[in-house]
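Going in written order, the chains are labelled A, B, C and D, and every chain counts its residues from 1.
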């Protein structure tokens, strides 16, 4: 009963948060809504007994990713309204729903067909974190290490990419200065 | 060296072409002539060493390429392909030797040498994949020749030429793959070797489908009506040398492939499709001849006349008897010589006046008598006058087909009437009458460089018209083997009666073919069915 | 009122749809990144749910790796975004048309 | 003997090649003399062969080399000199030698002198191949060879539009007939397995009558073209555009008789199919009358003689068709002599009159051109068939044949035509040589031809007079090969009535023509007289409107049809279809290019759409695989 209430409550919250995130014109609102949605999603993980995943979700998403976005947004002029031309909404909506259903059908089909058996059954008497740790460092050791390297690479890449001309700030520069800079850029390229 | 003569013939020009890039621009012409002459001498040597009493393949070479799928580099030559190879070498030689002032002459000569490789390759290949490879590769130099040295519409013409023939050959490729798969089904081994395929006996329905698949590739190349429209554009836009090679050699690939693939592989289907193809051939003959008559551009006249003559070749092939097929092979060579020469001749006048419209000329007979004489000889050869090379081929082809159908031959025989009509009226427009245009009054007659090409062609035209035996004998031997094989392989009663039985050869074939293979083929074919 | 796998699947469907709407509808690149996060999270939930209902840890593992990938994607993506912004002074999708065919 | 055979055959070729060497250079007398001498050599060789055949009765048969051999087909270059071919050889070499010598004078002032002799000798060579060949293929070589030379020679003055047009017409019309000939040859090959005369004719009696009939018809179509029989006759009159020696040699004496030669040569075949023979005879009789009627009114000297040739060819075919092959051949020979003479005489007149061809503009030339006058008159008398000249023996024989074979219609047609022949021949002679000297109005000063030209013509004159006396010798010789049917009218009374009656009829026609056209009030017709406006006259002068019919309905429609084929069918349908198919792909690309707008947002949408499609396919296939059994049952229930 408690589980049901929790599910519906968080379901409602996630959906509405994400809805706000994709519809609002204010980047700041979107960011906040997204962060909230992420946290609510971690609730599902806890409900499903995936404690470790829940924790990671909060730490990585709500912590790291959102912070990254927040820092990133400082570079952009978030107050500036971006005009967004809108196409046919029916097509967008239709395509989204159809593809979502298809994804679910594909993912869920073998389960509904009852054809699968657990490859790594949940070990009785062990906590979730322990279980995850055991699987992660045995079967998935190599992918784990690869993921680690990938994160490192991504980090360096992020720094290198964003780090160029850190001394400039387009937000603080006037239009004329920006234009001038562009001209110079072009000359260099030529 | 004689053991590998075919490989040398194929790859020597290509190698020379690669080296040609390093040759000085001023000496490239003599370099090209030297290479082509060596190649021609080698081809003559091939003829000299060729044993015309043997019906099978000679100078065979066999190098496995992809063992798992039975793809081998197999080349060989028999009476059917021998003379076309020689003709290819010959035309490249005189083509390069008589090349006029051309921009980028180095590129032109290198391209021609590459083209020669592909031409010889096609006619020597005995493996379907190798054949296909050269078949497609031959498009590339031709595309370049038309596209780079052509007339104002050259891009359209070259793209059309390329895409059209390419589409056809893709269908053919599917047929080849299926054929190999079928061979695998029957014997448990993959093979693309044509001689292996010859031993297969296919059920009739399969034959029909495969025949149609091959037909598309070949018919577009020939080109048969209604697939012929790329040809006038290609000829109309190509430079002289391009037209010459295209008409003389490249078109022959289609008809040659009919004899190499369609007839021996699918005898029943050949009989089944004989009438429809004959009707197409007759439409080709009469219709394109009439179209040729309506042309205003002399080169287009020759181009359409090419199509018309190819119709007679097709008819001879589908006569399905020794006389007809021998005649059609001979006519391939004859048509190569004659229409090649005609394109050369058109090139001569185009070089002088930069126009190909017949209305621009008139009365040239008095201005350029030597030119008019050579043109007249070639014209008479083209309309099939006896004692010229064309007559032998046309006579034998029609004679052969007469065995199959009286009425259709009567219609096809219209070739000699309609051919005379367009050729004579074109000749009249260009050479007879009084000189009306001032530009024409002082045209120089053919010069030495042009005579280098034209004199040998004239000599061949008459020599082979009077003494065709030198070619007919080896051709005949090989064709008898093909016809014997077809008779042996054919399943239906109709095919047996249409294809004559040549007992003496039939025995040889039976010995060489493995009966077990045939039986298992039949069985599996039934199952697959 | 037992919450079954189907409930979770329906939920993820809805979230995925919302994410897709975002992907297609938004012209602001930053918003596009947000929408991508939503898509990933929707799938993560379904992985976790399936893992739970079938007593198999593989689902969780996948979700874990998805998170890792999402994190690196953000790092690199954001870096690119900043470079772009510096160059063009906007992050509007409609302006990115150098790939016009 | 073989040496003589090869000499007879190849010396014209050598002559031709010799003259061709000087083809592009300036006129040299040598280019005319050497070929003529070589032809003389050929004539002597032929004569030796004739004597040999005549005395020993043995034929010479040589096989020079193989021409074509493939499958069962074997065609050699084989030559035979037998009674028939030796006759033809004599005719050909004799007339052509005369014509060559004559032409040295006639073509004296022509720029293309050397070229002319090259062509003319080449023609003789082709003609020799035609008559000497021992197989149908060799015959065809000669057949086409003479066609080529005829084309070259008719169009000799190639700057004249009418000449080139006539040359092309002649060639193309002959080609139409050659197709028939070719088909005939195919029929012979596939039914007898050989093209050699001897073997083929030996097998023919065992063949079905239908096959033989077709064979006969197709071969005769070939003969119709070369011998200009109706409806392929129009080219002969137009061929008069060529130089006159050419007309004499090719279009009177030799080439046009090739058709007759073919029928005579194929006599074993035509003997087996009397119905076709009857058709040939009827057509021959019709053409005789038809051509003679056109000759009555024509105002072109050479054309009149051409129609006369046509008419005489009709006689020959009538005889050949009725099975009297030796008679046909005899008339062929006699006709060759006097007709060539007539043409050469006409050539002299033309030269004298500066290429004026209208006899109404001449008159009274007998004073200036005595020699020519005598020759042409004798030739005309021979043509009319007056005793004792050559024409009497040969032509009367044909009439007798028709009478004896009980074909009275053919007989009466031929008899009537004999009268017409006499009339138009002497109309011509009268208009040219007698009456008022109308040429003076046009300021022409005629002169007689060179002496040597007249001397050159004299052998023909002699033969035109005495050829009839060879009749019995000839009969004995040639019937060793041809059916030896003697034609005798049953009662001698009927015979005498017939002969004298015919002679009187012909003589009357001559006298009438003389009376009518020597009168002083002959004027150059200007199209106003009553006669010229009557329907019959118009019909005849326009050659029964046949050339116009050909021009308007066949040539024109062919040209228009070609134009339609090219512009409409080839470009608008065939090529447009090809381009259309290419365009479909091109347009598809052009349309779908919008997807690659470069706008990321749009591309994202397409990406999603693509994903949807792929996912749907995945689901569909998954379901299909899962429920394949059920689907099969369902489909089989539907009866698929």
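What we mean here is this: a residue touches a chain if its C-beta (ideal position, glycine included) is under 8 Å from a C-beta of that chain, and two chains touch if they have at least 3 such contacts.
Computed from a predicted model, the values in this text were never measured in an experiment.
Student: In terms of CA centres, which chain lies closest to the overall middle?
Tutor: B
Student: Calculate how many whole Å lie between the centre of subunit B and the centre of subunit C, each centre taken as the average of the chain's C-alpha atoms.
Tutor: Centres of subunit B and subunit C (C-alpha means) sit 62 Å apart.
Student: From the C-alpha centre of subunit A to that of subunit C, how far is it in Å?
Tutor: Centres of subunit A and subunit C (C-alpha means) sit 5 Å apart.
Student: Taking the mean of the C-alpha atoms as each chain's centre, how many Å separate subunit A from subunit D?
Tutor: Subunit A and subunit D have C-alpha centres separated by 97 Å.
Student: Between subunit A and subunit B, what is the separation of their C-alpha centroids in Å?
Tutor: One centre to the other, that is 66 Å.
Student: Going through subunit B residue by residue, note those that touch at least 2 other chains and give them in order.
Tutor: none
Student: What are the residues of subunit D that contact at least two other chains?
Tutor: 601, 605, 608
Student: Residues of subunit A that touch two or more other chains: which are they?
Tutor: 87, 92, 95-96, 99, 103
Student: Please list, in label order, each pair of chains that touches.
Tutor: Chains touch in the following pairs: A-C, A-D, B-D, C-D.
Student: Contact residues on subunit D for subunit B in the complex?
Tutor: Residues in contact with subunit B: 23-24, 65-73, 137, 140-141, 144-145, 148, 151, 155, 158-159, 161, 164-165, 168, 171-172, 175-176, 178-179, 182-183, 185-187, 189-190, 558-559, 561-563, 565-567, 569-570, 574-575, 577-578, 582.
Student: Can you list the subunit C residues touching subunit D in their complex?
Tutor: Residues in contact with subunit D: 20, 23-24, 27, 93-94, 96-101.
Student: Of all residues in subunit A, which touch subunit C in the complex?
Tutor: Subunit A reaches subunit C through residues 1, 3-4, 7, 11, 14-15, 18-19, 21-22, 27, 30-31, 34, 37-38, 41, 44-45, 48-50, 52-53, 56-57, 60-61, 64-65, 68-69, 72-73, 75-76, 82-87, 89, 92-93, 95-97, 99-101, 103-104, 107-108, 111, 116, 118-122, 131-132, 135-136, 140, 143, 147, 150-151, 153-155, 157-162, 164-165, 168, 170, 178, 182, 185.
Student: Which subunit D residues qualify as touching subunit A in the complex?
Tutor: Of all residues in subunit D, those touching subunit A are 601-602, 605, 608-609, 611-612, 615-616, 618-619, 622, 626.
Student: Show me the residue ranges of subunit A that touch subunit D in the complex, using the header's touch definition.
Tutor: Touch list, subunit A to subunit D: 87, 91-92, 95-96, 98-99, 102-103, 105-106, 109, 113.
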